[in-house]
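These are the structures, in structure tokens.
The same chain A turns up in both complexes below, where it pairs with chain B and then with chain C.
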Partner chain A sequence: MGKSKYKGWLYLLPAIVFLAVFMVYPLVDVLVYSAEEGYSFASQTYTGTGLFNYSYVLHDPYFLQAVKNTFLIVIITVPLSTGFALLISLALTSIPKLKNLFQTIYFLPYVTNTLAVGLVFMILFKPTFYTDGMVNLLIKFFGGQAVDFIEGPYWAKMFVMCFYTIWVVLPFKILILTSALASVDQNLYNAAKIDGTSKSRTFFRITLPMISPMLFYLIITGFIGAFKAYSDEVALFGTNLNVAGMNTIVGYVYDMLYSSGGGYPSYASAAAIMLFVIVLTITCINLMVSRRSVHY
Partner chain B sequence: MTDLSRDYTKIEQAARTRKKIVHTVIYIFLVFWALMVLFPFYWMILSSLKSYSAYNGEYIPKFFTLSPTLENYVNAFNAVPLAKYFSNTLIFTLATTAIMLVVIILAAYAFAKLDFPGKNITFTLFLALMMIPNELVIITNFVTITNLDLRNTFTGLILPSITSVFYIYLLKENFAQVPDELYKAAKVDGCSDMKFLLKVMVPICRPTLVTVVILKVIECWNSYVWPRLITDDANYFLVSNGIQEIRENGFGRDNIPAMMAAVVVISVPLIILFLIFHKKIMEGVSRGGTKG
Partner chain C sequence: MKVVLEHLTKRYPNRNKKEGGEVVAVGDFTFEIPDGKLVGLLGPSGCGKSTTLNMISGLTEPTEGKIFFGDDDVTKLPPENRGVGLVFQNYALYPHLTVMKNILFPLQNLKGPDKLTKEEMNARALEAARLVQIEALLDRKPSEMSGGQQQRVAIARALVKMPRVLLLDEPLSNLDARLRLQTREEIRRIQRETGITTVFVTHDQEEAMSISDVIVVMKEGYVQQIDEPQNVYDDPVNLFVAKFLGTPAINVFEGHVAAEQLYIGGEPVLRVTGVPDQDVYVGIRPEGFVPDEKGNFGCGVSRVEVMGRDTSIIAENSACISGQIRAIISSVRKIDKNAASVRFSLLPEKVHLFSKETEERIRFRE
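What follows is the complex of A and B.
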């Protein structure tokens, strides 16, 4: 028995080794890095410990810009994409035919490379030497003024950004919400119909409460995902996000890590920890709200 | 009496008309969004088939082309090392997925069927690890891999992506559903744990394994952040980095048709995978995929 008692550990060994090296140790290490002042990547030495890295990051205009961008993305895309996904899912469940076809089409963006499709979006929105680009031609057609959405004013860039983010995150939300809607007990609807309940009342009193757990799940994961926005930005505006003024917090972390001078893991760590704290706080608030409003 | 029944047919007819109108509106809305989803794909294929001069000669872009050409595809493979990016991604995806499968199957089996001291606490710790965001650990991983001199190697690319606590959890739940009697019977017959795992557990749980494989392949094919940090030698670029490279200094900024050809080539494998397995993929994702 003595040998087989520890057999389980043997099976777990590979997983534990990888997790220890690439998850547990980094977790401790990131805290250490964030407290080491003046850390140099080349010589692997530091001058002291303290909170200087945090204060440096908090005073860095690029970081503040990134925080502003990230919060705007979160505030705009999470409610819009969740609401729109709900609308589409409701429409999908109410039609008799072609439901599967639409569902499959809507899911397509999930499996595509966001960087590749982002390039297509850039071309649609960007005026070039030869043409104003599809979207601008449409705007002009309706009597508007052409705008450079990729290298132009801030609001235009933010608009493309949010539009693309919503386009990318919708498939997942539609999928989850349609399956949530499909699993609502049909007897409830039949009972409501017999009682002559109005459509809107049925929606607010039956549908919404029944799918509220899934809706909150989507809102929570949506917040987390939006706070971590990065590759969609790269897809639209290129790798130099600071120059484009469209950097996000995650982008700031990676830029700090990657910069040609060997990188500043200390600043990157401080920024990453701040991001983690923000996300954790928002998630806790979300969980508290959902505990109060989820109906069963 | 006749009055009443006439009223009734009238009401019924009105209701039916209204239903028809509502359905039409819903269908228009759904078709509109379907077009929004499909349009970028259509546009990239269309642009990739236009010749360079034709594309740039159109101030108002045409929605079709009468003289499709494949020269952009030839260009895409010749002017930039697209084939190299492609094979790199293939190697990366296959190796990561294969090694991950071994690691998670062993771990899930230990948690589901084996008894050993400290099992419950270890499992709880594993679950706690699910909450750790990648952004937090990637910094040290970058330093670790750099210090090990593994930048611009496949080992460096693959190593940190191998374990996924979430997939271990998913698989463990599935393994646990296999009745214990089967395990005991096999033990009585003198079947070793490893043999039982390979001959019984893995075949029974194949659907879950297929789901995990598909999700991981999608994740690998689209991964961008880690490869970007760890490779700066174009010989080791994956397709996502390749696309970024092509965009910034590939064909020259204005050769959009060639760029689009590259984008099509990169997108096609996953789209084919999706068309074949769309039921399985959607089922798998709704069971616990997030895009992150």
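What follows is the complex of A and C.
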């Protein structure tokens, strides 16, 4: 009995060591940094302890802007991308012939480099010396006013940002949802058909509940992913996100550590901890909701 | 409601493009299912029995032929307008709904003049639940029930909208042996009580024999024989039907007819009046062997199995092409277990002759 107990732990050891060194220790360390005032990497010293770092970060207009941006991106992109993915997956499932071709096309963004995609979006949206950009040409064609989407008003930048984010996250969601739809027992649909169930009722009473576990998985990971947005912003607006007014919480953390105005690990840690608390809260709410509405 | 199938045919394009052409899933099926009867479609897998069922339900569109329910041509009607209830092999219950909601589901789809009030729906659902004896389980979900209980729910769901025809696709194949016996009695009882014309698909000949009024034996898309179960067993039209029905299976021998005398392995075993001289297959039912010291048919004994009610003699004969010979005799007769050989006389009504070329039945007078 005693021996087999040790044996079990022995098997777990590699994973535990790995997790402890690279996951648990850094997490705890960040928590410690966030409570140390004026900590410096170079001298390994700090001037005091307390919640000052949190207070500083919460009063930093750049952080507040980053929080606002992040929340906007989350609230706009998660429902929209999940909804679009569901619509596209349903459409894909109902066309048996060209399904594979379209599936490949929809999957392309997933295997394309973020920065390359960012460049393409720049060409689409950014007015330059030579041209107003594709989208502005279209707007003008329909008699509208050209807008600078990259360096112009806030809502225009946010629109491009959300458009881009949705476009990037869509393929993975489509992949998951098409396979979830394909795994629904075809006989359930046959049974519904024989009972004369309308299309909409079949969707809401059979399809949706059957794929609900996958749907909630996508929503939860979607929330987490959107809260951690950063590289997409860099791809579109460059590294100086604070100036562009498009920084995110992760971007703020990064800037606090490494950018030209950086070198403040304590502030960065405090911001990171706050992001952690936000994500944890939202995920818990998500799980609670899903437990009530997912059928298994 | 009688169901009439007229030249019902389903062809699929061949998957193997090189071969091309078409595969016949069901070929020229013509049959009238009498009102209120239980018909068993029987055959090995791939014989087209499920395709036939799906065509009756409307899930599969026939390539040719017509289907009538009573006098209505339903060939072109979508499934929901046919008034059929279908029970699937894997039950296809909605896993996220309780039993009650599963049974209510078809009723909630009714629209227009057929629309029911909540009370009517509940009353109908309860009535269906009572019929299949699951009133106590109405709040359970399918995953919380045994296979047999799920099967009953599936039947209740199919019956609740009062279908004109009830279709059952291998309804017992996911159940264990005991439940299978019990459930097939249940299906028989429910069918009798409701009087709904029922078509039932199975590959299990015992199942089909035990509950059907009429069985249809199919092979590779074509109907072989349609008759009452006992008649199909006693009077098979060809070797396939003879081999497919009956457990233990029929014993098949190479035989020869000369001067109206049937020879197996050189021994004259039976007079077969009216059969021209030829080589034949001889099928002998296990109960067709009678141990008889003066009998004409000799075999080597491999072993004797005593199983209470009756005794099996497992024997060998070089002319047998169905493996070992199995003869079943009443255990009242005492058999010498250590005997090396045994002689039988044959019961003529248990001996069937089949043409060597076509495997069709050759009838003889005793």
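We take it that the second predicted complex is superposed on the first by the 272 of 296 C-alpha atoms of A that agree within 3 Å, B and C clash if a C-alpha of one lies under 4 Å from a C-alpha of the other, contacts with A are read in each partner's own complex, and residues count from 1 in each chain.
Criterion: a residue touches a chain if its C-beta (ideal position, glycine included) is under 8 Å from a C-beta of that chain, and two chains touch if they have at least 3 such contacts.
Here the structure is a predicted model, which is why all the values come from computation and not from measurement.
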Could you tell me whether chain B and chain C fit or clash when both sit on chain A in the superposition? fit
Name the contact category of A:Val78: first (chain B only), second (chain C only), both, or neither. neither
May I ask for the angle at the C-alpha centre of chain A between those of chain B and chain C, rounded to a multiple of 10 degrees? 70
Identify the partner contact of A:Leu236: answer first if only chain B is touched, second if only chain C is, both if each is, neither if none is. neither
Partner chain(s) touched by A:Ile123 [first = chain B, second = chain C, both, neither]: first
Going by the contact rule set out at the top, does A:Thr197 touch chain B (first), chain C (second), both, or neither? second
Between chain B and chain C, point out the one touching more chain A residues. B
Give one of first, second, both or neither to describe whether A:Pro209 is in contact with chain B, with chain C, with both, or with none. second
Applying the touch criterion given at the start, work out whether A:Asp185 contacts chain B, chain C, both or neither, answering first, second, both or neither. second
Which value, in Å, gives the least CA distance between chain B and chain C in the superposed three-chain arrangement? 7
Chain A to chain C touching residues, read off their complex: 185, 187-188, 190-198, 201, 205-206, 209-210, 295-296
Taking the touch rule as given, give the residues of chain C at its contact with chain A in the complex, in rising order. 57-59, 78-81, 84-86, 88, 90, 92, 94-96, 105-106, 109-110, 143, 157, 161
In the complex with chain B, residue positions of chain A that touch it: 5-9, 11-12, 14-15, 18-19, 21-27, 29-30, 33, 41, 88, 91-92, 94-96, 102-117, 119-121, 123-124, 128-132, 134, 137, 167-169, 172, 175-176, 179, 221, 224-225, 228, 230-231, 234, 238-239, 250, 253-254, 257-258, 263, 265, 268-269, 272-273, 275-276, 279
Can you list the residues on chain B that touch chain A in the complex? 23, 26-27, 29-30, 33-34, 36-38, 40-41, 43-44, 47, 56-61, 102-104, 106-107, 109-111, 114-117, 119, 122, 126, 129, 132-133, 135-144, 159-160, 162-163, 165, 168, 193, 218, 221-222, 224-225, 228-229, 239-240, 243-244, 247-248, 254, 256, 259-260, 263, 266-267, 270-271, 273-274, 278, 281-282, 285-286, 289-292
